[in-house]
Amino acid sequence: MTQLILEQALNGLQFGLMLFLLAAGLTLVFGIMDMINLAHGSLYMVGAYLAAAVTQASGSFMVGIGTAMLVTALLGALLEVSLLRRLYARDHLAQVLATFALILIANEVVRMIWGAQPMLLNAPEALSGPVSLAGFFYPAYRLLLIGVGVLVAGLLYLLVSHTRLGMWVRAGASNREMTEALGVNVRLLFTAVFAAGAALCALAGAMLGPLLAVQVGMGESILILAFVVIVIGGIGSIRGALVGSLMVGLVDTLGRAALPSLLREFLSPEVASSLGPALASILIYVLMAAILFWRPEGLFPARG
Amino acid sequence: MGLYASSPRRRIAAAMTLVALLALPWLMQSLDQGFYVSLASRVLIFALAATSLNLVIGFGGMISFGHAAFFGAGAYTVAILAESGVVSAALAWPLALAVAALLALLIGAISLRTRGVYFIMITLAFAQMVFYLVVSLKSWGGDDGLLLLRRSTFGSLDLKDDTTFYFVVLATLALVLLALDRLAHSRFGRVIQSIRENETRMEALGYPVFSYKLVCFVIGGALAGLAGALLVNQSGLASPNLLHWMQSGTLMVMIVIGGVGSVFGGVVGAVLLLLCEEFFVEISPHWQIGLGLLLLAVVLWAPLGIAGLFGWGRSRE
Amino acid sequence: MRPTKCLFALATLLLLGTSVHAAEASRTSVKVGFLSTLSGPGAGLGIDIRDGFNLAVKQLNGKLGGLPAEVIVVDDQQKPEVAQQVAEKFMKKDKVDFMTGIVFSNIMLAVGQPVFDNKTFYISANAGPSQYAGEQCNPYFFNVAWQNDNLHEAVGKYVMDKGFKNVVLVAPNYPGGKDAMVGFKRFYKGKVSEEIYTKLGQLDYAAELAQIRSLKPDAVFFFLPGGMGINFVKQFVAAGLSSDTQLFAPGFSADEDVIKAVGAPMLGMFNSSHWAHDMENAENKRFVADFQKEYGRLPSLYASQGYDAAFLIDGAVRDVKGRLDDKEALRKALEAKHFKSVRGDFKFNRNHYPVQNYYLRVIGRDAQGRITNKTMGTVFTNHADAYVAQCKMK
Amino acid sequence: MSERRTILLEVRDVSKHFGGIYALNGASLALESGEVHALIGPNGAGKTTLIHVLSGALTADAGQVIFNGNDLAWRAMHERVALGLARSYQITNLFSRLTVLDNVTMAVQSRVRDWGSSFSFWKPFSLDSAIVDEAQDLLDQVSLTGLAGRRACQLSHGEQRCLEVALVLATKPKLLLLDEPMAGMGPEESVRMVELIENLARRVTMLLVEHDMDAVFRLADRISVLVGGRVIASGAPAAIRADHEVRRAYLGDAQ
């Protein structure tokens, strides 16, 4: 039983950390530029496709990931300079709609280039098996995902809290006008942050590709989860994104695993078996609504 | 922009469109193109759904990203009632409306405490809850949705007949549009539009802003429920995809293309979007690129939508 | 005012501009509405059915029953409401004579009734829901593949015969998935320690695999068509479960499309099928050879079903001499099955589902070193489905 | 001034802090019905915070506000307006995209006690001619009649301030909270505004927050001085002018 809980907790951690890769970029764009970017999920999809295509062509998963991050970052920067910049001053409705349009366009372009069928992306042979972990087996690749997630979280923490660039980013998230007044080149900062966020998207897409599937529409479902994460964590806060990701990852996975059997203790098996999965799947949204009810600006609001 | 004002010219245009739409089934039948009557019903139902969202977003200024929940609630109510033997439209449709209204009351009462982005996100979260709840409940069909094997019955009217059904849909939409036009010019309509313009000031003038917004939200939700009730009759399936957030997004696209805050904006947008879908899909499977570009262009250069381009939107100088 | 009028005129023009048909008494062509899942995680299945169907039409020189064939192919995106709209268009606008292609039972059930009401024949090349085999059986529905339960019944019987004692079942939460579990348990009477229902289209099975690990079964039976099965097998092996637990699947989850994607981890997996690419008969040899030549890959069982569906239509149209409006005659011709299937022979039961043999296959390396299915033996001979008794059709 | 009047508004020991900083620190104040009461004090003394607390935009941490016999704690902004307490804004806060006339009709329409609530969905507003007539009247009073069809955003700053006053008046308040009505005005516009306020003073009690000392001493019946979140003196203009502590804390710096 403890082994089951431990394994499920690891699964939740892995899921949460991958969400964090997406949420980190999203929360900064949202916080600094006050911009709702629905196309964030499309960058994740594009990153995954690039990784799959390059991995197939080059035969190396590492080359695939590297290229995908680089190209997606460039695409992100291009998108920011050419289009998104025009939307910062617009209302949220315009932002939602314009980036919704980008989702439609990105999906079709990917479909035109790579076809409607999912693309195959396999993890390196060495990682496709299990490793022994304190007495039980756990997939090596999932452990790698956890490692990468922890590493990125650590690097981001160092970058944001211990460098000048990070100071600007934090300043930008809490008060944009003031940062401009201090003489920071905010336009360049925005482009850089956006490109970095895009690179993290590509990383998440490439890493999750072998585990899930590289297919059109893969960005949409995970995008909503990323939004839930940043709203829970507080818009603009990296720390909030991390806490929110881990909360969502663990609550979702453990809820799915434990809730049905937990309900069986109190209710009849039939009621429990239909109610259990239903409750488990809405758990994170209940969590978000509850947090917004008590703390309408999330757990770690960046603006103050 | 400012407060909505309709001109006599616009009313004449609406009346003429209505006459043309009345003649449509006759024309299509004589061309042996009955399919298009059914398609037209579908388009008009989506026009109704988009119009209901336009009331919330365009007039009330509340950017709700969870409108699909009410649309789907109406559809599921009719399907669930039919499962248990209630097939009378006179009973099922008002109930669908009421269920959607109740849901909107619940969601609105909580969501309207938040502002801006948080409002967008919390309405989305609630819609997702409804979506996942329905998908998980096996007795409501789960992922498969609920089939409606027979259309509702409506007195002596035979709704199974596509043309009759079309006229019922057309009548419903026409009534709703008339009511919306009246509402836009009523005291209530002026209040919600002014709240959209300046909420703090309305509060300082002594309006219970929360109640007005909530009532507007509930009316919008109820009308979406009615649209859902009609749609499940048209298609014969209450599908969880009706509740999906992409559906909310599509309705938003319709009103933005058609014209936010214009009585006919939702109709124009729905007609344009669905007809494009119907015809361009045969030209190229990648027609959605075109839709995406059109949407981008509208957002960037014509924020008042098609209705705004032609000057049938809010009053201008 | 003018813009409204313009818009309406435009709409009318568009409506009129599309093809106009005149009803005709004796046909000069056959129209087939091919509605299938061609995008998303289930796309592989639909594409194979389509390619099989098209191959048959090509072999018949673009004709079905001697009449020029028009096959309209549309993607249902694996969404019931999209499928409904397409079906409505097929019936009311294109006025097709036959429909076929649907992969998933939930979509079949969403589309079926209106199609039957319209007296359009539906030839199922895959989906075989229990409803249409039993109480809701219909003169206008024919299935050239199997009833959903059948392949699972075959696995259940084999697992029972081999003496496995503790089994976990995994299937998606949709009609086909439920039929699978019922079918398996109809012939497996041992202990089932858990029935796990997953979301249709789910791709990450971490939680389910952890659950399986804690249950320690000696066999796992899973039915997860398309991309779902690919991910499940990969993750099952990656989690280290394959060393203690034997995997069983119906042919759907262990066919050439899945093998191509997963590769070596699938070696040694048992599965059931009513057809295999190594079956020795003239029709099958021609089919497999032509399919490989045309598409450069081994056909899957889906492809064989699509291929058979085309030949069933061909034989029936030929039999009624193109008088497609004589529905009664056409139905009799379909029931008589004027073609030889690539699976050897089968005949239609009175619910229009096949009565046929089911075989056990194992995944191994063939003479050329390719990983593929090898037929091991027969599990059922002339096996019918369990629902035919409830069908009131004569 | 010797006759005894009823107390319309009483502020008792109100405190409000943001983080560790006290904007109000036990402020007390009493307004008599019918008077023009000016509130002065150096920048950051807590004047605007007090207005916010009175109007309901902020909730006090401690203390009590009694208006016309009603305890205002927990009453929402719109309920306070219904009781007869209205405010104007320091920074112009209008319906900038609506016409001047629509701005005022929205304000007139808000009076539930005269017209009922606005939950009326069917009857066209154009039939409510009484509301429009009253709005026209109000525009007359603030001399904006000729501009009724313009959008609010097209008015000059001074005109917008006048419109602001018309909006507040339309709610027929018992007490008017005027937050720096002359802020940013040129000399000519200021003169017009002073005349307008003098005119109004006959009909409504006013709490006036203003920096323009000439205007304050000309308009006010009584003056309270707020320093460091506390009222240090209250009285007739002459008394305030003479008050030693006030001179030191505030006027001394100014003059």
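Should a chain be cited, it is by its letter among A, B, C and D, assigned in written order, with residues numbered from 1 in that chain.
Assume a residue touches a chain if its C-beta (ideal position, glycine included) is under 8 Å from a C-beta of that chain, and two chains touch if they have at least 3 such contacts.
Owing to the predicted nature of the structure, the values given are computational and were not obtained by experimental measurement.
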Please report the minimal path length, in steps, between chain A and chain D on the chain touch graph.
2
Please indicate the chain closest to the centre of the assembly, with centres calculated from CA atoms only.
B
Far-end chain from chain D, centres as C-alpha averages:
C
How many Å are there between the centre of chain B and the centre of chain C, using C-alpha atoms for each centre?
37
Just the number, please: Cα centre separation of chain B and chain D in whole Å.
43
If you average the CA atoms of chain A and of chain B, how many Å lie between those two points?
32
Where in chain B do residues touch two or more of the other chains?
135, 138, 285
Pull out every residue in chain D that's touching 2 or more other chains.
none
Which residues does chain C have that touch at least 2 chains other than itself?
75
Pairwise, the chains that touch are A-B, A-C, B-C, B-D
Residues of chain A touching chain C in their complex?
1, 3-4, 7-8, 11, 14-15, 111, 116-118, 120, 122-123, 128-130, 136-142, 211-213, 215-217, 253, 256-257, 277
The chain C residues in contact with chain B across the complex are 1, 3-5, 7-8, 11-12, 14-16, 18, 20-23, 75, 79-81, 84-85, 88-89, 92-93, 106, 109-110, 113-114, 173-175, 199-200
Give every residue of chain B touching chain C within the complex, in rising order.
9-10, 12-14, 16-17, 20, 27-28, 31-36, 38, 42, 135, 138, 142-145, 147, 149, 235-237, 239, 241-242, 268, 271-272, 275, 279, 285, 310, 312
Spell out the residues on chain C that touch chain A in their complex, using ranges where they run on.
38-41, 43-44, 47, 75, 197, 203-204, 206-207, 210-211, 213-214, 227, 230-231, 234-235, 237-241, 261, 265
For chain B, which residues count as touching chain D in their complex?
1-3, 179, 182-183, 185-191, 194, 197-198, 200-209, 212, 215
